Amino acid sequence: MLALKVEHVRKIYPSMHSKGQEVLAIEDVSMNVNKNEFCSILGHSGCGKTTLLNLIAGFEVPSAGRIECAGKEVKGPGADRSMVFQDYALFPWLTVFDNIAFGLKIKGISSSEINQIVMRFAALVGLSQFTTHYPHQLSGGMRQRVSIARALVVDPTVLLMDEPFAALDAQNRALMQAEMIRILNEESKTVVLVTHSIEEAINLSDVIVVMTRRPGKVKEIIRVPEPRKMVEDTPAYLAIRRQIRDLIAGEHDDSEVR
Amino acid sequence: MPIINFLKQSRRLVLLIILLASWEYASRFILDKTEATLLPPPSGVAKGGFELLQSGEIWKHVFDSLSREFIAFCYASVAIPLGIVMGCFKWINEQVDPIVEILRPIPPIAWIPLSILWFGVGNVQNQFIIFLGIFFPILLNTIDAVKNVEPNLIRAARCLGAQSWGVITRVVLRAALPQIVTGVRIGLGVGWMALVAAELVGANSGLGFLINDARTVLRTDYILVGMLSIGLIGLCLDRLIRVTSQKLMPWSRALNG
Amino acid sequence: QNTAKFNDYGWPEGADEKISAKSVAWLKEKGWWPLQIAFQPPWSGQNTVNLVMDKKGFLSKRGIESKLQAFPSGPAINEVIISGRFQFGNGGNFPFTSLVDKNIPVKTIAVVNVNLLHAMLVPIDSKIKSFKDFKGSNPPATIGIVTGSSAEFYVQAAAKANGIEIGKDIILKNMPPGEQMAMPKGIDAVVPWDPTPTIMTKERKNARIISDSFPYNIYAGTFYARQEVIDNAPDVVQAFTDAIAEATLWIRKNPDEAVAVMQEDPNLKNYSKEILRQQISDYNLLYKPNFIYPIPVFWGRANEPIYTWLYENKRIQNKLTGIDFARAVDTRFMDKTFEKLGWATITRPSFLPENWSTPMDKTPYPTYMNSLNTSKPQAFPEKGDLTRDWSFAGKVYKK
Amino acid sequence: MPIINFLKQSRRLVLLIILLASWEYASRFILDKTEATLLPPPSGVAKGGFELLQSGEIWKHVFDSLSREFIAFCYASVAIPLGIVMGCFKWINEQVDPIVEILRPIPPIAWIPLSILWFGVGNVQNQFIIFLGIFFPILLNTIDAVKNVEPNLIRAARCLGAQSWGVITRVVLRAALPQIVTGVRIGLGVGWMALVAAELVGANSGLGFLINDARTVLRTDYILVGMLSIGLIGLCLDRLIRVTSQKLMPWSRALNG
Amino acid sequence: MLALKVEHVRKIYPSMHSKGQEVLAIEDVSMNVNKNEFCSILGHSGCGKTTLLNLIAGFEVPSAGRIECAGKEVKGPGADRSMVFQDYALFPWLTVFDNIAFGLKIKGISSSEINQIVMRFAALVGLSQFTTHYPHQLSGGMRQRVSIARALVVDPTVLLMDEPFAALDAQNRALMQAEMIRILNEESKTVVLVTHSIEEAINLSDVIVVMTRRPGKVKEIIRVPEPRKMVEDTPAYLAIRRQIRDLIAGEHDDSEVR
């Protein structure tokens, strides 16, 4: 069953300065993600990964093409496509509990039910002890856990993640990837993840979309042979990693000056 | 170690004390008599202050000025909803901004004639002049705060199901709060400084009145007491708002600047 | 009528008219209740009558609920009178001229005082002995003055008479009276009006008078009322006029108590008792009490040189004459008050000599009675002052 | 497409024009004649402004006020070295800060009596009052700017061989420059607003004098012309500094806020 | 020949809040770096890597122990130990040329000579075309090149680098590592690099120092068998990577809440 369907989507940004020219960010992007499938998007910086995610989330409107989530056309942001941001985007004035509860309160759920659901997800991400803390009292990894719990709590059809672990150091990053696998084993979810790390993509995904440089197009879609079960440094792992690395490196560099 | 803390604090006052002492010296031994009437020594000012304290008069002035400031602030707080609306809706901002930009640099004191026409004489007119001082900093800070709300916070709220109204009340307002409070703090400071101009017309009390009145008979000691009271209370007001808002919004970086 | 009894300060008993309910209703409807009265307290002597009227209940006993409000200057009073926020006001000849020039519907109903001292003062140790000594000052002498005031008019006229060139021999710098009192460094002279000159010479003793305004301007400050009140509630204006006369007499009888009344006002509490008493002597007691009568033609003519000067300096937009002032006076109310008192109305103030015939545009004027050359109060009543018998402090004066 | 640009710009003025029109209407048809003297219609103000323009008088006022502001700014710019020293050396800051904190909230107008004692009457006294407005924003922004210089920039300079003096001139000063300029901008704005108070004493020209003088003779049209001139010139001054400093320091983020 | 000698160094930070307690950041750290040797420091976040680098740079003073650079005790910052920062720390008001020339101008070198030296180093880092640009006109990778050139131009005894490539995306990061090897081949230099990336450390170093959690001590010093010549995915490479990974993972996590 299709959770997400992206069809021939193009995005043109208006010029940012009065004299500048329009930016064609992505062009003719089509991809499908099945229910409970984990899809990663890889590509050079500026190739339009964030743009694609924002289109799916409904923050931006495609210049051409069509996006469907669970069969319904995307018209704007909604709780069926919740997002995890690189900078966490936690509400600093709310406790961990209230951050996680945010989406539930908007739905107008009774407070006893909220309490129950929030505590379940806090436990899921390993933060049961920290529900009364404020975000500024937590480490980066813990903040990202809150952000994930907050996004999962509204039970989205698709969970969107834009480089969620990029701000963490290498050790914490590996830790969070393992956590993510554990969480997905407990709560099956359709996920679209944007990342720069080939290893991260291989470790987490069922399917990996590699994009070309700007204007971003789909260069190749790769299925991971044994999703979330590949062992690092095995020949199969090294092979798929080399394949992706070559695909990305094959994109020549044409714009260093920003 | 309260003693050490106390010593540390008082060390900060060394220069201040030296300056006060040389002022005392100059006023007593260097200035001639007419000049000394214009700049009485700190001891003379202290005596004047003591007189005003003893008669209880100064408290009345302080209280009346503070209540004018407070009421003016209540009116000026319409700047908060106005600023939020201006920050959220570009077309409203576009229309209101030119008016704000022209009115803002006009000094409160220049408004006295018009304000008398509009409000007559009395507390309301006094409050209006203070209001002008308070209003613009709050407005500008609120607009700025709303415009600078981290866009990802708004996006996060929207993809958790919040609609526009929910986004404004649950996110924009709260995220903008620290800078709005900064606006309030600056505004109250500017309004407090407009006191002397505000109490020029129709007031029979207040620190501004005290100064204006002492000017007509050249009681320089009272003028200085009035100036110092305005200075010190202004300082306290500022600190008070800073400290309480840091306590109430510990998560805000804006307030620690 | 001829048998009216007077109380100890000479006010006829039973002559108080309560204002009508209709007038109160009209005022209330206009939003002019309580009645708002504007005055300038630092101008201490002139304002004794305001404070006495208020504190001694001379308005309230006539049914007028009123609120007196202090203003730092005449222009500020103009602003509230024009906007109709205030219905009665008083002030000097300059601010009133602005009202006449702007055609504001107000009428002078009484004179509040005459011959307010404007003086040029120099530091006590200055070499300057008279205005003439500024001739040839190099660099020009700096004179602190409230520009655009009656003081400036006086200095301009005096400069002309003494052959002093403004801009060459002296320079005028705008400066409020309070600051003039300090006689700060770099200032060669200041030109304040009373009480400032008196405080400087008698109390601070930091200055000396070298010239005064009496030869150049015969001065009157007036009470004025908005025309709407005169038209729709004349009994209120009458009551107000009566109260002015009653207060004037009360002060005459109780000058020391009047000082106490003034000291109660927050705007005057920093003035010493002595200064306040002296101001009352000079501005309330010196002349015959009938100075309160607003003589239209005389005061119009006295103001004419000012009008010319203001017009030439583009400070007023119309070329006013004494007639314009006379038109802005309404004597009906004071006529009635004098009638109650049994006083004769006057056509020439009592301080001018009998044979005074100098044209008003010819300065300096010959000497006339003023606070600098006279300390003994004028006798009152004298022959011709009364139309009926009148008693004051128990003493009966025959017509 | 200059026409479209022009239309876009003028669209911003719709509300302003509506307000002006209703003011004109109110002043002509609703207010009675005497009230209209206190609030002349825009056309009356325009007429007054035209008179002042034609006689050339307004230019003299503008020029004199601007030159007072400029000279006051020259003096007030000692706040820059003082602020740098205070920002760099903790013990100096510790001593000077209490004095600054007490003096800062005292309104310029309250200083008039003392300033006359110190400077007599005349331009210097006027400039001093303006100076007070300009000085503190520059000082506080400079201190802040110096304290907030990115520490890594200083470290980078030091490990490239710079000694303390070199660090101050080559790094601290330049890194702090944008915020110092912001301080100058705010200071000039506050100083400009102190104009009416500044030109209360001893001035025979200037926009503040124009307003004060027009009050004594009830020329409300001139008062409004004076207010608008202060407002507009204040606005232009602000924009001018903003735009030129953005041009001169394109790398600075602080200036785009 | 020893370029850098760190002997029994300890660093205690005073408490940051008035009520807080002192922080023992590193404890008894000793290490030597030979001339033209490349030394990487690895360890968990907060273990004191930056502290150690700052002590070497002279930005901080050790609470105990002694640091020597080329035989001379370190007393403060100096041009013999120039630093490359993670956030580049370029002077935004200077062009690329002037940024690189900064250290030379302080030395008081003649401008013709400066011109020559700066152009040589601009060429070395591949920025000859960009000397008149301002930092804000450059991409992250290019800014870091400027920062490296600026640090090299003063010919330091030791080049210090604190996570210099952490702010770059994965592709640019790999590119910069290759660049770094090329540059060091042309200009031999003693380098101390702090990083979180085990791969980066293996790719660049002669010797790798692994630190314990706070208080940071030296846990192990590992020599790379074939410095800068190891091929990824070869058994030798995978072996050393596993060794280091296990060393780091062996440090248990005791402080998540900040």
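By written order: A, B, C, D and E. Residues from 1 in each chain.
Quick note on the criterion: a residue touches a chain if its C-beta (ideal position, glycine included) is under 8 Å from a C-beta of that chain, and two chains touch if they have at least 3 such contacts.
Listed by chain with UniProt protein names: A, E = Nitrate ABC transporter ATP-binding protein; B, D = ABC transporter permease.
What you are looking at is a predicted structure, and each value in this text was computed from that prediction instead of being measured.
Listed here as common contacts of chain C and chain E: D.
In terms of C-beta pairs in contact, C-D outnumbers the other of C-D and D-E. In this assembly, the chain whose C-alpha centre lies farthest from chain A is C. Distance between chain centres (mean CA atoms), chain A to chain E: 32 Å.
Chain E has its Cα centroid 49 Å from the Cα centroid of chain B.
Distance between chain centres (mean CA atoms), chain A to chain C: 85 Å. The centroid of the Cα atoms in chain B and the matching centroid in chain C are 40 Å apart. Counting partner chains per residue, chain E has no residue touching two or more of them.
Shared contact sites, meaning residues of chain C that touch two or more other chains, fall at 76, 79, 82-83, 176, 178-179, 182, 184-185. Multi-chain contact residues of chain D, defined as those touching 2 or more other chains: 35, 38, 112-113, 116-117, 215. Contact between chains, per the stated criterion, is found for A-B, A-E, B-C, B-D, C-D, D-E. Across the complex, chain C is touched by residues 33-35, 37-38, 112-113, 116-117, 120-122, 200-204, 209, 212-213, 215-218 of chain D. For chain C in complex with chain B, the touching residues are 36, 38, 42, 69-72, 76, 79-80, 82-83, 85-86, 176-179, 181-185, 199, 204, 206, 266-267, 270-271. Per the touch definition, chain D reaches chain B in the complex via residues 11-16, 19, 35, 38-39, 94-99, 101-107, 109-114, 116-117, 144, 189, 192-197, 211, 215, 220, 223, 226-228, 230-235, 238, 257. Chain E makes touch with chain A in their complex at residues 44-45, 130, 133, 137-139, 141-142, 169-172, 196-198, 233, 238, 242, 248-249, 256-258. Considering their complex, residues 57-59, 76-79, 81-83, 85, 87, 89-93, 102-103, 106-107, 134-136, 150-151, 154, 160 of chain A touch chain B.
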